[in-house]
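Chains here go by letter, A, B, C, D and E, matching the order in which they are written, and residues are numbered from 1 within each.
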Amino acid sequence: MADVVTYFMTALGLGFYLAGTVAVIRFPDTYSRLHALTKADNVGLGFLIVGIAFQADSWMVVARLALVWGLALMAAGITAQLIARTALQRQSP
Amino acid sequence: MTDPTFYGLCGAVVVGTGIYGFVLHTHILRRLLSFNVIGSGIFLMLGAAGSLGPDTAADPVAQALIITGIVVALSATALGLALLVAYARASGSPRLPEDANDDP
Amino acid sequence: MTLVLATIVGLPFAAAMLAVIFGRYGGPLAAAAVAGVAVATAALIVIVAEGQPVTIDVAGWPAPLGITLEADGLACGFLAMATLVMSGVVAQGRAYFYNTGPERRATWAFWPLALLLWAAINAIFLSRDLFNLYVGLELMTLCAVALVAIEGKAETLAAALRYMLVALIGSLLYLLGVVLLYSAHGVLDIGLIAARVTAPTDILAAALMTAGLAAKMALFPFHAWLPPAHSGAPAPASAMLSALVPKAAFVILMRLWLEAVPDLSAASLLALFGTLGTAAILHGGVMALRQNRLKLVIAYSTVSQIGYLLLVFPLAGGASAAQPGAADAWKGVVFHALSHGLAKAAMFLCAGLWMASVGHDRLEGLRGQARATPITAFAFGLAAIALIGLPPSGGFTAKYLMLTSALASGQLIWAVVLLLGGLLTAAYLYRPLAMIFAKADAAPVAVSRSQQAVPLLLAGTAILLGIASSGPFELFQIGSPWADIEGLE
Amino acid sequence: MTSWLISLAVLLLLSLGGALWRVWRGPEPADRMIAAQLIGTGGVGIVLLLAAATDWSMIDVALVLALLAAVAAVAFAKAQSADSVGDPEEE
Amino acid sequence: MMALAETGFDLVLCAMIATTALLAIGVRDQFGAVVLFVVYSVFLGLGWLRLGALDIALAEVALGAGLTGLLLFGAHARLPASVPVPSGRAVWPAACAAGGSGLALGWAFLTLPEPVGLQEAVAANLGTSGVENPVTAVLLNFRSWDTLIESIVLLAALIGVWSVARDDAWGGQPGLRQHARHGGVLANFGRLLPPIGFMIGVYLFWAGSSKPGGAFQAGTVLAAVALVVFMGGAMRPPLVTARWLRLVCVAGPAVFLAVGLTGAASGVFLGLRPDLAKPLILAIEAVLTFSIAASLALSVIGPPEDPEDHV
C-alpha cells in the first residue's frame, strides 16, 4: 500500500517538475517564467516529499523531510518576491 | 553500485575545462572562477580514486583531504576577490595592465 | 624534543593570533616570538648535531595514517636562517609598522601576516607529508600575496594579483601531483613514497608537482611576477618574500626529487633542471644589469640566484647517490640557499633604509650614501661579497662545494655556469656599489645606528657562514641521503 | 522501489538540463536566477530520492541545500540593487 | 534493472557536471558565469553523494554553492561593468593545453594501480580516536595538524581581506552599509532565518562526531545565517577594531593550538589521550565552529569601504 502511494506521489511530483522546466524554457518573458516556476517546483517537491515519506523508517526521518519542505517553501516565497522585484527594477528604471 | 571511474574521468575533463578558462580569460573574476573549477576537478579525481577498490566505503582520509582542500580554495578565492575589488577601484579595470588591451 | 619542534611552529602561530587581537602590540609580540624560536632552534641544532635527525609523529599517529615532522640538518639550517631573517624583519618592521595613536590598517595587518608567513615556512621545513606541505604552501602564499599588496596602491595590487594567479595555478599543479601519488600508493609520507613500487603515473605526478613548485619559486620561465611583487612591497616584507618564500618551495622540490622519488630522475631530466637553472641565472643577471632602481636590481638578482639552486639536481645525480661529489652538491646548495637568504634580506633592508632617507630607490640617488650611512653601506658591501661568492663568505663555500662536485662528477658545463654566474653577479652589483661608494656628498640623514646595524647582522652572518663553515658542513649532512657516506670526503 | 526512485532521479536530472539551458541563455539576470532556483529545488528533490534509495542521512545535504538556495537568492537581490547593498523593495 | 538505473544516473550526472563546467567557463556574460558556477557546485554535490562522501557533499553544497556563490555575487556587483568576454587571445593554445591536460589526466586515472587507500588503517584506529565518524577522526585526530593549519588559513584570508581596506575607512564597519526596506521581504527573512539556520548549524556540529557533518560544515551554515542577518539590515556587522570580534575569529585556532601545545608538553604534539579524546575534540570543534563562521562571514562581507562609517 505504502509503495503504491510512493509510486503515485513521486510520479506526480516529477510531472510538476517537468512542467516547471518546460515553462522555464518555453515561456516568453521573465514574469511568466517566474510565475510558472513558483507553482511548479514547490508543488513538485511537495508531492515528492510526501511520496518519499511513505518509505521512511522512522519518525525522525519524516520530521526532517518536513523541515526540508518547510525550508524550501519559505525560500521559494522569498526568492520569487525578490527576483520579481529585481526584474521589475531593471526593466523600468 | 556507483562506478567511480565515470567521476574520475569527469574530473579529468573538468580540470581540462578549467585550464582552458584560466588560459583564455583575462578578466580576473573569470580566472578565479576557473581556478575553482580546476580545483573541484582535482578533488573529484581524488574522491573517485578513493572509492575505487574492493572496499565499498569511500576513503575517509581522501575525504578529509578534500574538505581541507575546499576550505583552502575558498580562502584563496576570498582573498583574490578582495584584491580584485580593491584593484579595480584603484585602476578602473578588472584586468591586469598587461591584459588591458582586451578591455573594451 | 617534541616541545622544541612544537615551539618552532607553534610560537609564531600563537604570536600571530595575539597580534590579530592586540593590534598595537604586533611588534613586541613578533620580537618575543623571534626570541623564543631562536632559543628553540638553537636547542634543536644542538640535539641534531649529535648526529641523528629528530622525528616526531604529530598527534601520536605514525605515517601513513598520521603526519610526521622531521628536523634533519637541512631543516635546522633553514630554520636558523629564517629566524635570523625574521629578527632583521622585526627590527626594521618596527620602524615601518609602528604607531602610537589609533590602530591603522597596514600597521595592524603586517604583523600577523609576517608571523603566519614565518610559521608556515617553518612548518614546511619540518614536514614530511606531501599534503601537509600543500596546506603549508597555501598559508605561505596567501600571507605573501597580502604582504605584496599591503601598500594598497594600484601597482602593488596588480603585482599581488599577478603573483596570486601564478601561485594559485602552482598550488593546483602541485596538488594534482600529490593526488596522483596518493591515489596510486595510498601514502603521503616522503619516506614511504620513496619505498613504493613505481607506478606509471608517478612521473606525471612528479612533473606536475615540479611545475607547480617552479611557479611558486619563480623559476625561469615562471619568474615574470617576481620583480614587481618583491620590489613593490615595503622593505621588511620584501626581505621575507625574497629570502624565505622561494626557499620553502625549493626545499619541497629538493625533498621530492632527492628523497621521495630519486628513482625517477633520468639523466635527461636532471640536465633539463640544470638548463632551466642556467637560463634563470643568465636571464635574471642580464635583466638585473638593465635596471635603474635598486629594489628591482635586487629582485632580478633573486630570479638569477634561484637558478643556482636548480644546479643541485644534475650535480647530486638523483638515483645514483653514489655519483662522485653528490654529497658536496647537497651541502653546497644548502650553503648557497642560506647565504643567499641572509644576504638578500640584508640588501632589501639596506634598500629600505636608503628609501626612507632618500625618498626613492633610483640608483643615481644613492650616490655617496657610504658617507651618509656608513654602516648600511658596509652591510650592503658584505652582502654583495656573499652574493658574488667571494671568499671568505658562505657564498664562496657554496660555490666551492658545487664546483668541487661538478669537477668530481666530470660535469664541466655546470662549473662554467657557476663561474659565469659569479661574474654576472659582480657585474650587476657593480653599479649600485659604485654609486654608494662614490665620493660625493649626500645629504646627511637621520637613520639611527641601531637601525643600520640590522642589515649588518644579517650580512655579517652570511660571511660568517663561510669563515666558520665546518660546523654547518657537518650539520647539513645529518639526515641527508648521503648521511652514511660521511667519510668519503 | 530503489530502481524506481533512481529512475525518477535520472528523469529529474534530465529535466534540470533544460533549466541549465535557461541559465546559460539568460537573457536577463533574473531569468538565470529563476532557472538556477529551479535547479536548486530540483537538486533537493534528487537528494531526497537518493536518500530514500540508499541512505537516509543524505537528508541533511538536502536541508543545507535548501537553506543556502534561499541565501543565494538574497545575495542575488542585493547584488542586483542599485548600490549593490540595497533592497529591490526600496523605492 | 537497478544497476542500469544507477549507471544511467551516474552517466547523466557526469555529463551535466562537465557541461556545466564548460558553460561556466565559456559563457560570455559575467553574471551568467557566476550563476553557472553555483549550479555547477549543486551538481557536484550530487556527485559526492553518489561517491558515498556525505561529508564532502555537505561541504561542497555549503562552501562551493553557498559561500563561494555569495563571494562571487558580491565581487561581481562591485566591479566595473565589463563588456562580455571576447578576449583578444587566440583560442587554440588554450584549447590545446586543456585537451592535453584532460587527456593526460584521464590516462593517468585509468592507469592507476590497484588502489591502496587508508580505509583499513582508519577503521583499525577509529576506536581510540574519540569519534565514530571516520572523516571527523581524520580531520580532528589522525591529521589534526592539517586541520589546525587549515583553520589558520581561514584566519589569514580574513587578515588579507581586511588588509586591502581603504585607509580612511579603517576602524569602521566591514563592507558597505547594507540597507533594506523596513518590514520588507528581505528584512523579514533576516529575522525568520536565524533561528532555523542556527538550529541546523548546531545540529551539523553535533552530528559531526558520529554522522556526516562537523565544524566546517556547521560553521559555513552559521556564516550564511549571519550574512542574511547583515544583508537584511537587522543588524550591522561589528567594527573591525572590536576586540571581541577578533577574539571570536581567533578563538578556534587558538584553542586548537593550545590543546596541541599542552599535548606537546606531555610528550605528543597535538596528542589526544584516548580517554579524553572525545571531550577535547568536541570542545575544539565547538569553538572552531564559531571562529569559522565569523571568519567566513567577515571574508564574504569584505573590508571596510565606507570612510563615513566611523561610529
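Quick note on the criterion: a residue touches a chain if its C-beta (ideal position, glycine included) is under 8 Å from a C-beta of that chain, and two chains touch if they have at least 3 such contacts.
Fair warning: this is a prediction, and the values are worked out from it, not measured in the lab.
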item	value
Both-way neighbours, i.e. chains that touch subunit E and touch subunit A	D
Mutual neighbours - chains that touch subunit C and subunit D alike	E
Relative to subunit E, chain with the most remote C-alpha centre	C
Chain whose average C-alpha position is farthest from subunit A's own	C
Pair joined by more contacting C-beta pairs (C-E or B-E)	B-E
Length of the line joining the C-alpha centres of subunit B and subunit E, rounded to whole Å	13
Where subunit B and subunit C are represented by their mean Cα positions, the distance between them in whole Å	28
Separation of subunit A from subunit C, taking each centre as the mean of its C-alpha atoms, in whole Å	57
Centre distance in Å when subunit A and subunit D are each reduced to the mean of their C-alpha atoms	10
Where subunit A touches two or more other chains, by residue	71, 74, 78, 82, 85
Residue numbers of subunit B (touch at least two other chains)	15, 45, 49-50, 61-62, 65, 68, 72, 75-76, 79, 83-84, 86
Sequence positions of subunit D contacting 2 or more other chains	16, 29, 33, 60, 63, 67, 70, 74, 76-77, 80, 88-89
Touching chain combinations (by label order)	A-D, A-E, B-C, B-E, C-E, D-E
Contacting residues of subunit C [partner subunit E, same complex]	2-3, 5-7, 10, 13-14, 16-17, 20-21, 23, 56-61, 64-67, 69, 102-106, 108-109, 112-113, 116, 119-120, 123, 131-132, 135-136, 138-139, 142-143, 145-146, 149-150, 152, 157, 176, 180, 183-186, 197, 199-201, 204-205
Subunit E contact footprint on subunit B (complex, rising order)	1-21, 23-27, 29-30, 33-34, 36-37, 40-41, 43-45, 47-53, 55-68, 70-72, 74-79, 81-86, 88-89, 92-94, 101-104
Touching residues (chain side subunit E, partner subunit C) in the complex	104-105, 108-109, 111-113, 115-118, 121-122, 125, 141-146, 149-150, 152-153, 155-157, 159-160, 162-167, 170-171, 241, 243, 246-247, 249-250, 253-254, 257, 260-261, 263-265, 267-272
Touching residues on subunit D, where the partner in the complex is subunit A	1, 4-5, 8, 11-12, 15-16, 18-19, 21-22, 28-31, 33-35, 37-38, 41-42, 44-45, 48-49, 51-52, 56, 59-60, 62-63, 66-67, 69-70, 73-74, 76-77, 80-82, 88-89
Partner subunit E, residues of subunit D touching it in the complex	2-3, 6-7, 9-10, 13-14, 16-17, 20, 23-24, 26, 29, 32-33, 36, 39-40, 43, 46-47, 50, 55, 57-58, 60-61, 63-65, 67-68, 70-72, 74-80, 83-90
